[in-house]
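Look at the two complexes coming up: chain A is in both, with chain B in one and chain C in the other.
What follows is the complex of A and B.
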């Protein structure tokens, strides 16, 4: 039987909960795979080889790092689940604005700690990641589709279309046109645009779409009342340290 | 028996609701409704929700002919047995504006001329199209594209508001059948009705503001000659590549497909979904090569297809002047303005010179 592992590093466990919410799919999966390692849902240790490993959370402590490196050795396929694992998550949004020492002093009141900490980082800073499933939390349908594809030897297909694609095809009124800040035009679709359907601008939780035009996005956000600095911070919430303003003057743009 | 199709009838406005009720009993009835500040074509359960005065819906009625996400077939990868769950329903789409009827006629040419798509054909056979007259807002330019009034033979009935009544043009035998079925609701046209009809046509023409209309004279040639114009890059700079302009367009037809297996791997569904030439992914081929590698090339591509490509394919422009691509563009990019800039003539100046 295919051995599957689902583990969390530094994060809120929301993505693992979302996986547990895939009830119908999980029932079917129980007859097809062995959830060998799933500490959130199952007691017991497992130290063997894994065919499929899903990792949630960012790498923020030496424990995260050790766990990740060890599991990577044992896993044939590693999938980063959720925006923390893919990009570092919301906890990484100001990584470029302060030194680690400054952050640690702010949080713990001192610099000397009995263990090693890092700036929250994506898995790919430490190990090779085979597939990325961003989202805060991960989208249930995309999770099931990924599992179904990988179990059957098919490469899952994720075109990095902008959120506007799903928003417009759901026939939502455009929030940007109504003056509401929305990151849809530069963000990676796949969520089904639930935020804009409820009148909340896209927060970009799934990161960048292909060749995003950040330059124009920033100017549209400033025209909707945000200062340039706030507009940049808005885009950085989920894009974390990987964020840099991209526009027309680079390859593919 | 003499074969005879009436060309037009009059429907007193008060009778419209009974007509809609009657249609709803017989078919799946689709019509525009108001939701918040927007309009959308929806399946109707209560005819009083049908909106008769609207400017434009976000998505064109195309979505009821070609769903944005559709299953082509499913198969068992072991036995290679194919199944299709496709089923077309008898439907009436009511309240379509002239531009969107022309849009459907373009889709008909695309999907039925060469290599007819049997599924599209079946949907079209089972669909009755009933149009309604409208007045332009600042984004409409159907007068320039020659689509301000219904034409051709792809629609069934067209209702023109002439005051107390609708002047009902009959476009097909199916339309004639509807009039016959509900003949107690219609009356014969009289000379005055014809006068009113002509007047309403003239009134619509006068409602356009020339500032909002592009000059589409020899547009294919213009676009081709201006291939290297700096206007493309200047406009593309603001383009987000969000795909809204093609996703809302009544004539765009591009789609992509992906095979989605179920967990057991026993059933694979081929899912087709609409895509846009404004996405880099659209032109991505093996080896990470992009046929349209720059934003400028993707931006220009849409204008090329609309004004050069479609004329080659179907001998019609690919734009019906509905204004959606401009009204919905989050970056405020205007098709009419781009065309005016490409022409490079300050029209006001020109008018002054010639006057």
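What follows is the complex of A and C.
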């Protein structure tokens, strides 16, 4: 039987919850795969080889790193699940603004903690990742599609189209045209645009689409009432380590 | 003789935890509950962010109780800016909480706790022998998820929960559908209540003396007054004066005490209060008369049964909330928000216990300071005291059995 692992590093467990929300798919999968390692839902330690491993969360501690390196050795295919695993997550949004020591002191009032920490980092800083399923949380349908493809020996494929594409398909009204700050033009689709369907601008939780034009996005956002600094911070929330705007210091370029 | 028992990775809990037990000469000499979750610096990453970003960021503290974190932060921001929402918005927020409780409590009961009492390593592995029980778990979770998706936009981290209200609200037809679905799951919840009443809970009395929760007849209805079981009540502004936090030498969660004591929060504290104050929902009151277990209880394992009681409360409240909501249509989905300098406070009953958010803003609405006290941090002391008591009662048992009892106990808190 195919052995599947689902584990979490530093995160909110929201992606694993979303996986547990795939009820019909899970009930079918149970007859095809062995969830050998799934600490959120199953007891027991498992030390054997895994055919397929899903990892949620960022690498924030020495324990995370140790666990990840060990699991990578055991796993034939490693899939990063959610934006923490793919980009570092919300906890990485100020990595470029402060030193680790400052972050720890501000929260704990002291520098010593019970174990070694890093700045929150994506899995790919430490190991090779075979597939990335970003999103905060991961999209259920994409998880099911990935498992189904891999079980059938097919490579899952994720076109990095902008969210605008899915808004058009869903016939959502364009929020940028209505003056609402929305990151749709630079954000990676695949979620089905649920936020814009509710009238909330895209928050960019899945990171960048291919060839994102951040400069143009920033000027669209500043035209909709955000200051340049606030607009940059708005784009940074989920992009973690991956966010770099060309010529960011040349304000309003 | 010295014996060390280590549970390095607690399974079937949402975060990452470990328990170290040291027994010397047949006496417990040391016990530590360590949360090994990496820190995520929420009080730091919210700084310099606009108030509109705060609920979205703190939502990510917990993927299971994100509605509570999100709403506690929204309450705090609205408190800081002097924003008052309309009744419709308030009711929709309560209905979101109904969804959250249905999802979170049934996830915990069916997927995290139940395997302990049924003798399986996982609910997923129960599917063959108990297909209908597992399907009921999924069904209840799904009922909660649908409500959160309908109002919030997504099942987890719905972005439509905003300062001032919502970008859009469900139609009356959609709400009527939710009401029908809630009525349909009530018998399933009653079945859950009797399933969890019939489980074989270990006989145990927690040594804690103090219990705390918000002063409200239901966790789905909001209050900003905190209730202590010794008769004291305090306001959300006084929260930090009562709940004192310290940094732990071995855990990434801070440790809190009230009046120098560990204190119980969460479903058992809330349900105990409802029984003491005779404030149970009348229909829930009818159902609990038929239970063999009784409340108030100091058996920490009965937090599981308390969750089932709260599931039933959530469903009945949901039906009533929708009835009132329907009478209010049409109403504005949001109210105007004008940032100003100041500090605001928000408290909310998350499924696992009372939650506190405080933010300070500058005049342009950027966050200059934050403090968040989570249920897990507040529970650390009381769980440790419980662990001490249960290990002391179990010293004659085998190491594996002691570990098992400790795990089942920690899990009952859903930390």
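One rule holds in what follows: the second predicted complex is superposed on the first by the 245 of 253 C-alpha atoms of A that agree within 3 Å, B and C clash if a C-alpha of one lies under 4 Å from a C-alpha of the other, contacts with A are read in each partner's own complex, and residues count from 1 in each chain.
Basically, a contact is a pair of C-beta atoms (placed from the backbone, for glycine too) under 8 Å apart; a residue touches a chain by one contact, two chains touch by 3 or more.
Model, not experiment: these values are computed from the prediction.
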Touched partner set for A:184, first chain B, second chain C, both or neither: first
Chain touching more of chain A, residue-wise (chain B, chain C): C
Which superposed partner A:203 touches (first chain B, second chain C, both, neither): second
Which of chain B and chain C A:127 touches, first, second, both or neither: neither
Partner chain(s) touched by A:81 [first = chain B, second = chain C, both, neither]: neither
Footprint overlap on chain A, comparing chain B with chain C: none
For the chain C and chain A complex, residues of the former touching the latter: 9, 11-16, 34, 36-45, 47-50, 53, 56-57, 60-64, 66, 107, 111-112, 115, 121-125, 127, 134-135, 138, 141-142, 145, 149, 152-157, 159-160, 162, 166-168, 247-252, 254, 366
Touch list for chain A against partner chain B, complex: 25, 28-29, 32, 144-145, 147-149, 151-152, 154, 157, 159-162, 164-165, 168-169, 171-174, 176-177, 182, 184-186, 209-211, 213, 215-217, 220, 247-248, 251-253
List of chain A residues in touch with chain C within their complex: 8-18, 20-21, 23, 26-27, 30, 35, 38-45, 57-58, 60-61, 63-64, 89-91, 93-94, 98, 102-104, 106-110, 113-115, 117, 120, 136-137, 140, 180, 194-195, 197-200, 203, 205, 226, 230, 233-234, 237
Chain A contact footprint on chain B (complex, rising order): 36-38, 40, 57-59, 68-69, 233, 236-244, 247-248, 256, 258-265, 274-276, 279-281, 290, 293-295, 328, 330-331
